[in-house]
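Common to both upcoming complexes is subunit A, partnered first by subunit B, then by subunit C.
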Partner chain A sequence: MGGELKTIAGTAAACVAQVLWVLLLAPLVEGLVRKLTARIQSRQGPPIWQGWFDLLKLLGKEDLEAAEVPWLPRAAAFLSLGTLLFMACVLPLGAAPPLGEQTDAILLVHLVTLAGLGALMAGFGAGGTYSLIGSSREVMVMVLLEPLLAVAVVAGAVHRNSLAVAEAARGGVFAAEGFPWSGLVLLVVILLAFPAFVQRVPFDVAEAETEIMEGWLMECSGPTLALFKYTAMLKLVLYSALFVNLFLPWGEGVGGVGAWLWFWVKTGAVIALVATVAAAHARYRTDQAVRWFGMMLAAALGALWLAGLGY
Partner chain B sequence: MSPGQGVIASLLTCLIGAVLCGLTASRRRLTGWLALAVTALSSGLALYAAGKALALGSIEPEMFLKVESLGFALTLHIDGLSAFFILLIASIALPAVFYSIDYMETYPEYGVGRYYPVLLVFVAALYGLVSTTDMMWFFFIFWQMMTIPGFLLIRFEHRRAENRRAALKFLVMMEIACLATMIGAEMLAGAPADGGTGLKYDFASVSSRLPGLLEQRPVWVAVAFGLFLTGFGIKLGMWPFGRVWLPDAHPAAPSPMSAMLSGVMLKTGVYGIMRYFLWLVPLERRAAYPAWEWGAVMTVLGTITLLTGTAGALKQEQTKRLLAFHSIGQLGYILFGVGMAMMLLGMDDPRLEPLAVTAFAGALLHTLHHATFKSLLFLNAGSVLWSAGTQDLNRLGGLARWMPWTAVAALIASFSISGVPGLNGFISKWALYVAGVEGWPAASWLPVCTAIAILTSALTLASFLKFFGAAFLGRSSAWVGQRGRERGRLEVTWRMQTAQWVLAVICVVAGLLPAVTFGLVQLALKAGHDGLGAVFGTMSPATPAFLAGVRTVGHGVVIAVLVVLGIGAGMAVAWLLSRLGGAPRRRVAPWLCGYVTHEDAMRVTAHGLYGHLKSGLSPRGWARMMRPPAPRPRDRRADAPAAGAGSKEFGS
Partner chain C sequence: MKAREKERTLRERFGAAIRRTDVTSPGRWCLYVAPEAIREVCRFVFREMDARYVISVGMDDRPYSGRFLVSHNFAFDRDGILAAFLAELPPDRPEIPSIAGEVPAAGWAEREFRDLVGIEPKGHPYPKRLVLPDGWPDGVHPLRKDHAWNEVPEDWDDEVTFRFDDPPEGCTVVPFGPFHPTLDEPAHFRLYVEGETVRGCEYRGFMVHRGIEKLAESVMSYNDIPMLAERICGICGCVHNVAYAQAVESAAGIQPPPRAEYIRTVMLELERLHSHLLWVGLACHILGFDTLFMQAFRIREPLMWIAEKISGNRKTYSLCLVGGVRWEITPPLAAELRGILDRLEKEWNEVAQAVGRDRNIQRRTRGVGMADARLVKELGLLGPVARAAGVDIDCRRDHPYAAYDRVEFDVVVELDGDVWSRVLVRVREVFESIRIIRQCLEKMEPGPIQTPIDEELLPGRIGLSSVEAPRGESHHFVVTGENNRPRRWRVRAPTYQNLQGVPAMIRDQTLADMTIALGSIDPCFSCTDRLETVDLRTGLVKVWSQAELEQLVRARKSH
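So, the complex of A and B:
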């Protein structure tokens, strides 16, 4: 019994450490991304601590609630952030995840959906015209994106014959018996759709500041907005880490601190790529984005069939 | 009292109750309470019978009313599978009837004499249908006892032409299904080869003849099974039959009856497919039976059904019609699961058999879970109709403010059907996904079907965001506001609430404690009678684990309590963060770019949601989207201003 308690306490401590680490890191990454974007566009850009400053300021500002039932958007913001924090305990982030034994890859896919669901509940809950347009677009994107991720995870599970996150979602896509065609196709597909996962240009149709004024976020302010901003920052970090896990598992054989550092270097590279693409592109139209994701989904399903055949 | 006697008693209680309710029909509320008492008694008896059958394990068939020359006898065999379905019928019928007491007040112009008695006969038929082993006479009797009351209840509001049409369609389709199944039974029946009960159409007799037939006339047997699949497929709404009758029939009936139709009646089709395809073939002669082929057919049909049903739902703007399309979609998941289980069994590989059990357990659990959340959703739709007086999502909006308790119950049901972790829909879908992913050795395309199922789950979420968002969230529509002002209060009565919340609590508890529901399935499969399906009884679908979670082969794990606690802890952190700055809150109107007031015409209605997705899901819309855009006239002009210049420029 004592040993069991110790294990539980150890797992809990590891979870807390992991959560604190991503909570501290995410706003800093946001600052770096904004600096990088500014430099690409020949601007000076804000200081790298700007992500932190924004959050602190918003947390103290008045919360203007437009919803007729205001607890719903509020709870939705908690749900989004809470889900991502839980995901930080499930996902390998340079080391074995604290809750790797108690969760599986199917849950991981559903957590991604759940994090998006919070945003939608907020948008629908506020009920403003623009927030509903934004929510409608967000749903269209989400419906096509989540299966893309699911396909990548499923392909990994098929190759590795296991649904454990550390197996299916850690380079599993390349573990084919023959030449890993499915893994390569999926790498290309997810890479081409990745900005949408982290809600960045060219696929940020649901926010589209210049068009529908942040869409579903429009009626959020003060702490609620701060939580959604925080969620977006965490999404960039965690989903990039997920991408590294899925498709770039190489070079972590050294173990220990070296592997951990190398993992975050790779994640940083993915984030930099996302920022560069975002800085250099214009937004797609919604119909273009939907068509694009539809084609990517068709390609991914084809790749999954190849995975079933052993490639 | 033996399980068989228990079911007979329950059946007779319903029938006597039907007569009594017919006699008191002039007094509406009294009749309602009487029907509730009868249902409670019959449900109690049925639950007792099911519980006893599960506790005893394997029991023998019991025979009543035997006429040997005709092969006629009421043989009841309450094995694990039957007990599972009896449990399902009993636990949905009770809340549905309780809900009816107040709900039927919305029909002052229609007498309840045409509702309660018919409903009770309908419930009695369901009990009979899932426990009889007579494939001809009593199958026919119970099927008609289910179909004709169903027809009468669908055309309950008979002054509306569309309801009469829907009911007629239902009747015709159900009779075709009945005929197909009975022809199939006739093709397989004959002089019993050995043993059996000596009755021509008894399940055991047909089963004993089947191995010989499979060897001599495989095509003949295949045609018979094809007829079974057609018959029960029509019942459960399988593609391409589902669309013909189901979306019209469900919305036409009074809401508690819609809940029974979708939650329970469709499941008799599932029961028929499970029973005939998995238990008719003797276990020791399984090699001759093309289980993989039939499984593949069902898996593919299930995948098509779940995708097309849900895609159809996305376009609906009437609450109950939307839910009816989702019934097709969700029943597709169940068919998909049964098909996978048969494919995996047909591989004849002991390593794949645990996965077959997982698939079958997933299908059974989804049957149970769909019954709870879909019945709840129909009751919610009924509550909306009761208080707002419309099924049209475009006219609804902002009901969460007016009927908060119903809103939360509807939210639980909507999340549950969409597979949100922590609720019961996730558990059964999870089991199906595990089997579909890990079952890839059965067919290389099986993971693709699973991915389509996952995609459909996302579509389901989109559709229920529309249902819940358009009806309950957002701003009160002019229609709802006016109703609210007229009536003062829109929330439904405590009796209707209780019925809804009983089902909502089941959704949550079954979602949090999968070990319990998996245990129930295991118990049911262990108590199954002989046949190919008996394989399932020899192994457990999953092992219970830490904090009442379950694990399956291939490292599939679901510990719902942990997930909920983990996300809850994360939400607590988020709440703490949001209160750090001590920010005040203020209620304001949504910002409208300077327009002073929010007009009803500015609302984004259900019709306006998901435009590109809806068009992309229809073949013609897909073709239009894929066509390269025609060059715009002004692009062809050489002297046109540079693209992006002029009024289209917003700056970035």
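So, the complex of A and C:
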């Protein structure tokens, strides 16, 4: 009995530590991304702590109740942030996750969907024309994107015969018996659609500041906006980490601190790639983006079929 | 002379309806027409003689000739003629047959003189209020001479709001503006949207109409007005500055010295350079491509610095007086300018290549915001919008002014009529501007930069001037007057015509394309006029009225 309590306390402590770590890290990553973007654009850029400053400023501001149903965007903000923080407890971040490696990998897919739902709730709660346009664009994107992740996880599960995070979501896509065709196709597909998962140019159609004025985020202000911004920062870090887990599992065999460091180096590279792509592209129009995601989805389903055949 | 030939054609066709004509100089032609024939004459000129519609001007000429005047201005671009077709109207019943049915491009201009001068365009297809604010009472017309420049009507009502038309069935309304991140100035497009497809729109602008023409006609003098004129636009101000000075010079027969003409040319092209660079940057920003936006602004900055070195200001150059210019381009400045142009040419080559290779940008701009040659003709669209649709017009070549007849350059024309073509036109015009400035620096001879003007300018003379702004032709119409100021000064900026084309350009396109289609005409509106404050302690919201803001600005602080 005492031993069980001890385990629970240990797990809880590990969860808190993991959550604190990503909470501390994400705004710093945002600052670094902005610095990198600024350098590409021949600018000086803000200090790397700017992510922190922005959040502190917004948290100290009044939450203007501009939305038609003011509690809905606020609840959505907590839901999105909470979802992301829970994901931090399930996802391996260079070491075994606090909640163990036997969690069902499909849960990760659900968490990504749940985080996206926050955008819908916020937009529909705000009720303004532009917010609704933003939300409906977000639905279109979600419907096509979520299956991509699901396919990647299921392909891993098929190869490894297990749905546990440690099996299906840790490079499982490459565990085919022969040459890992399905894994490589999925790697390319998700890489090409990845900016959409983290709401970056060229696929930030649901916010699109110069078209629909931040869409679903439009009526959010103060702390609510801060939480959504925090969520976006966490998304960049955690989804990149998820990508590394799914597709770039190599070189972590050494274990310990070395593996942990190597994991974050890889994640950092993915984030830098996202920032560079965003700086070098114009935004796609909604119909262009949707067509693109449709092509990716078709390719992903093809990859699933290959995985079923054992490739 | 071409103008005389045209006059003969018109006289043969319309006989006594053509009352008298005046060819003031080879490129300027005034023609007085009987009011009842004006619609038919304008139709004939616009359709059969293929003139380009420029602008319509209403004037209260009662203190001088006892009449109201309307002038419909047209341009014969192939023959280098700017023409004014004038009609004199009786003082008690200022009415004129509307030409907007025959010449759609005149739609706004006629609504404007209906609002401001109170001349009724009979039979106008859409006689809705255009310029006057919503609370302004009917029957009061601020540009009439018996209305003081600072007079606000007593029955002004702050509470009246604009009444929009009903949207078509099955469409929802998406308000675009008055404030939107890609509109740098307030303007309201009420979009009728089906799904994400725009089916139509209604426009309400003129929210910050500043009454600049009235101010000039009432309280300023000939040589004050250039400084006022350049404040019409924050981007192509020098254009208005030069166009005004030229209009007065054309009315009074003053010839500025050659060196002044070269300096005007250099400054105008400098302005086009910074404006086109700014536009390419902003267009990229609208498409979410901020890297090229930032690079364009970095490349542009040295141009602003050299402008500041020449004129003392980055933007408002205060360049012209009537009969000359105020700033000299000294040899060291010329040398520095040459260096800047060399660097600009190199860097802009890189940008042009990057843009040309970028399939991403092309996907967002090809086939978007279409304006074909027919629309250009019907609505009098101008500048890069016209040239991107294969309409080969450019005032610098067609109605040469300043030193443009002494330099060589190509008029850039593209054929597709979409946003991508407008991008290409502007990108390539940068190289032409560089070429023009280099030639000017080469050919400028030392000499005076101002013609002395000893005698008072004769009143009642008409001057027309067109200057090719970065956005298209800026047209100024001046009637000289007493007290060292014009009786009437009408400014037609290119956006005035191009904005009228926007509803047709965005029809049946997606909402996402709205911003770049609008951006592609490089619109130029004006600045903000309302202010709201919130008292944090009590939560009270207060909207400041115009009167209170004025009080705030004008009242002296008591210490």
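By our rule, the second predicted complex is superposed on the first by the 309 of 311 C-alpha atoms of A that agree within 3 Å, B and C clash if a C-alpha of one lies under 4 Å from a C-alpha of the other, contacts with A are read in each partner's own complex, and residues count from 1 in each chain.
Operating definition for what follows: contacts are C-beta pairs under 8 Å (C-beta built on N, C-alpha and C of every residue); 3 or more make two chains touch, one makes a residue touch a chain.
Every value quoted in this text rests on a predicted model; they were computed, and no experiment measured them.
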item	value
Which superposed partner A:Thr210 touches (first subunit B, second subunit C, both, neither)	both
Subunit B versus subunit C as contact partner of A:Thr286, first or second or both or neither	both
Partner, of subunit C and subunit B, that touches more residues belonging to subunit A	B
Contacts of A:Ile133 with subunit B and subunit C, given as first, second, both or neither	both
Contacts of A:Leu99 with subunit B and subunit C, given as first, second, both or neither	first
Which superposed partner A:Pro202 touches (first subunit B, second subunit C, both, neither)	second
Subunit B versus subunit C as contact partner of A:Thr7, first or second or both or neither	neither
First, second, both or neither for A:Arg43, with subunit B first and subunit C second	second
Contact residues common to both interfaces of subunit A (with subunit B and with subunit C)	62, 129, 133, 210-211, 282, 286-287
Touch list for subunit A against partner subunit B, complex	15, 19, 56, 59-66, 68-70, 72, 74-75, 77-79, 81-86, 89, 99, 101-104, 106-107, 109-111, 113-114, 117, 120-121, 124-129, 131-133, 135-136, 139-140, 142-144, 146-147, 150-151, 154-155, 157-158, 161-164, 167, 210-211, 218-219, 222-224, 226-227, 230, 282, 286-287, 290-291, 294, 297, 300-301, 304-305, 307-310
Interfacial residue positions of subunit C with respect to subunit A in the complex	172-175, 180-182, 196, 284-291, 293-295, 298, 358, 360-361, 363-364, 510-515, 536
Of subunit A, residues touching subunit C in the complex	37, 40-43, 62, 129-130, 133, 201-202, 204-205, 208-213, 279-288
Touch list for subunit B against partner subunit A, complex	397-398, 400-401, 404, 407, 419-421, 426, 430, 433-434, 437-438, 440, 443-448, 450-452, 454-455, 458-459, 461-462, 465, 468-469, 473-476, 546, 549, 554-559, 562-563, 566-575, 577-592, 602-604, 608-613, 616, 622, 625-626, 650-652
